[in-house]
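Presented sequentially are two complexes of chain A, the first with chain B as partner and the second with chain C.
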Partner chain A sequence: MEFPVNLRYTKEHEWARQEGNRVVVGITDYAQKELGDVVFVELPDLGTTIEAMGTFGVVESVKAVSDLYAPVSGTIVEANTILEDQPELVNASPYGQGWMVVIEAANPEEFQQLLTAAEYQAYVVQEKSSR
Partner chain B sequence: MQQPWRFVNTGNGTAAFNMALDEALLLVHEAGAALPTLRVYGWCQPTLSLGYAQNTRQEVDLAACQAQGIAVVRRPTGGRAVLHDQEVTYSVVMPLLADGPSTITEHYRRIGMALATALQSLGIPVCLARPQVRTAPARTLASPACFAALSRYELSAAGKKIVGSAQKRAQRTVLQHGSIPFWMDRQGLFQCLRMPAERRQVLVQEAYTTMGAVNEIAPTPVTLPALQDALRQGFSTTFGVELVEVPIAPEEWRLAQHLQATKYSTDTWNLDGTVVWRQRQPVEKV
Partner chain C sequence: MTAGTEGKRTPLYDVHCQLGARMIQFGGWEMPVSYTGIIEEHQRVRTHAGLFDVSHMGEIEITGPGAEAAVQYLTLNDVHALHVYQLQYSALCNAAGGLLDDLTVCRLAPERFLLIVNAANIDKDFDWITQHLGPGARAENLSDTKALLALQGPDAEAILQRFCPVPLGALLYYHALVTRLDGHEALVSRTGYTGEDGFEVLLDAAHAVALWQAIMAAGQAYGLLPVGLGARDTLRLEARYLLYGQDMDETTNPFEVGLGWITKLDKGEFIGRDALTRLKAAGVPRRMVGFIMQERGIPRAHYQVIQDGQIIGEVTSGTMSPTLNQAIGTSLVRSASVKNGSIIAIDIRHKAVPAQVVPSPFVPRRVKR
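What follows is the complex of A and B.
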């Protein structure tokens, strides 16, 4: 399972990558494995404003719809609409072609408050060990 | 014993009300203001419910539904189409699991065990579908009907799927609801769905070997109260909790009424569907 060190993470299993004042967002390798086959992704309209940890879309895997949570607040400036036709990219390439949205961050400090790769990995290990 | 759960029997409701109350229970629980809940209910009229991502205008024959007096509603949960008629519908609103992985599959397994306990107590020899690694068929190739495919930890009896369930997951709360039919109207279900006549014929025939219903399999006829009581007992036993009858709170009623009026009664939600469908493909008006 991959935990790229250049990314930050949420406990709801989103990843975030900072590019200047913009933050690219997707779901983690762990999340896509837990979800199973992703069959549908719904992303927000461009220009939508969102709060940190507010929902920005949904992902449907077999038999379940799960909310997606924004790691930072801001405005949606890009959405990966390819996922509408190819939701399986979320499974195949969660950190690459399966990216979901780009947020123009309203408060750049929020990014620094997200989990580091080591912290997220430890969180996942803890979650798995509860089985 | 853990914190008790609430048991509510809300009787028959309209399609919009039933979905609105399930979502209201989820939202109020998510806000930390409600007990976990097992709700049982029925439908004022036959209703075709669709999964969140199903494209109503493309997949449903709305004229046929209207001619047969069948309501159409889109669910907040995933999965595919279900024709609700002579059945008990259950809905569970519960927190993420504290004593194990809180995955989709694990919730299906635990709730499946509770449903199995309930149905077995009525003499129905159900089993949980075993997990298997598989690739989901493309949405366009799969049957649009929920009962046509058995997913992990769903229930079958005599080789036929007899409970169809779907989930919605929020940050701290899971809603899972599902249909437990007494009888299965296979012809009626597929008449609601758009497809070439030949394909419909094939799917209806297949449905006699893949879709089941409680009173098609039970050794003695199961009544509505008996199944409702069995569900209450099954969840109590499986989750180790007491289920107490606590009414729906005023806050939950208000939120349900709001969602009923602004979401589940509207064409925007039920027919025009998700943002994705609206943006991507202008479809013919039916």
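What follows is the complex of A and C.
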């Protein structure tokens, strides 16, 4: 399972990558493995404003529906609409072609409060062992 | 996946863990939901073959000179003409005509019947059966001593024939035979829950691991994969088989879920007969329909179904069909005007997404008739 060190993470299993004032968001390798085959992704319209840890969309596997949570507050400026036709990219490339949205961050300091790769990895290990 | 809860385990639990299966709680059991991925497993059953551990299912045997009368009284279908080693799809109803469970009946001998029941209902069914047995009949719950494997798919017969000493080609749908597989006695029936040709094999729990390994080895050349409950659910929904606890329960009667064909009101007295006779005469206001989504969105259980701005029911089962690559579902609707071809809508996260009602099943059943 991959936990790239250049990314930050949420406890809801999203990853975030800072590019200037923009934050690219997707779900983690652990999340896609837990979900299994992703068959549907619903993303917000461009221009939608979101709060940190508010829901911005939905990802569905064959069996389950999961909300997507925004790592930071801001405005949706890009959405990976390719996922509407190829949701399987979330499984194949969770940190690459499976990216979901880009948020124009309202409070850049929120990014610094997200989990580091080491913190997230420890969280996942704990979550797995507690069930 | 609730932390700290442990369910019952089938004899194959360790095998599933060794295969790296994702385990879930289902009907009080710890069962594999998938091994390599639900979609791959689903497609393998449609194109080649898959092996399922369905040992969580229950087996209740009814024996004695009063066995036939007892089964007639307990179940909806008519077992009188059922031959030895013939099976029948049936159900248990309460006195109000509510469905207690759906099940398969196999006559093992003139005075010996085997009922295969749903895992979550084993204790409920066994209590109900023992309370309503007539004279000369005895019921025994064999569930803990038996294992049940399902080998399903177009290559199932070729795989099982590699070590089955009797020819399987002559075994008809919903018929069974007793043979020795891998050295141990097994009841092999041509039945399943996938819409494909295939077999279910009932044997003593002690030999389940050895038989699983033998079938997997024989199936290697055919691309046989182990298949979990995830694909079992998508396969059965494509084939429009009902799932107890989801598509039906004690608040539904057989007519509204499409089980009028197993409800033999003229066979003589049975539990629920009076209520069901009245329900049939009055006409049931709800009806199970299948639908295919016309726009993006996956229907899920309990989503509301809308027609002309009115809520007409709930989704009972829904998924993305791996065979059709379209989202499909079933619903129990209160509307006389919903017909094949009708456009309804499913409320998916407060958006009315159109769906078209289609005749069942979604994917043609290819069982051997």
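Convention: the second predicted complex is superposed on the first by the 130 of 131 C-alpha atoms of A that agree within 3 Å, B and C clash if a C-alpha of one lies under 4 Å from a C-alpha of the other, contacts with A are read in each partner's own complex, and residues count from 1 in each chain.
Criterion: a contact is a pair of C-beta atoms (placed from the backbone, for glycine too) under 8 Å apart; a residue touches a chain by one contact, two chains touch by 3 or more.
Note that this is a predicted model, so its numbers are computed, not measured.
Asks: Between chain B (first) and chain C (second), which, if any, makes contact with A:Y69: first, second, both or neither?
Replies: first
Asks: Between chain B and chain C, whom does A:N6 touch in the aligned arrangement: first, second, both, or neither?
Replies: After superposing on A, A:N6 lies clear of both chain B and chain C.
Asks: With both structures placed on chain A, which of the two partners, chain B or chain C, ends up touching more residues of chain A?
Replies: With both complexes superposed on chain A, more residues of chain A are touched by B.
Asks: In the overlay, answer first, second, both or neither for which of chain B and chain C A:Q126 touches.
Replies: Neither chain B nor chain C is touched by A:Q126.
Asks: Where does A:F40 make contact in the superposed view: on chain B (first), on chain C (second), on both, or on neither?
Replies: Both partners, chain B and chain C.
Asks: What is the shared patch of chain A, the residues that chain B and chain C both contact?
Replies: Looking at chain A, the two contact sets intersect at 36-37, 39-40, 42, 58, 60-63, 65, 84, 130-131.
Asks: Quick check: in the complex, which residue numbers of chain B touch chain A?
Replies: These residues of chain B touch chain A: 51-53, 76-79, 99-101, 103-105, 108, 135-136, 139, 151, 165-171, 274-276, 280.
Asks: Would you tell me which residues of chain A are touching chain B in their complex?
Replies: Against chain B, chain A makes touches at 12, 34-37, 39-45, 53, 58, 60-67, 69, 84, 127-128, 130-131.
Asks: Which bits of chain C are touching chain A when the two form their complex?
Replies: Checking each residue of chain C against chain A gives 1-4, 22, 33-34, 37-39, 230, 233-234, 296-298, 300, 319-320, 322, 327, 349.
Asks: How about chain A: which of its residues touch chain C in the complex?
Replies: 36-37, 39-40, 42, 58, 60-63, 65, 84, 130-131
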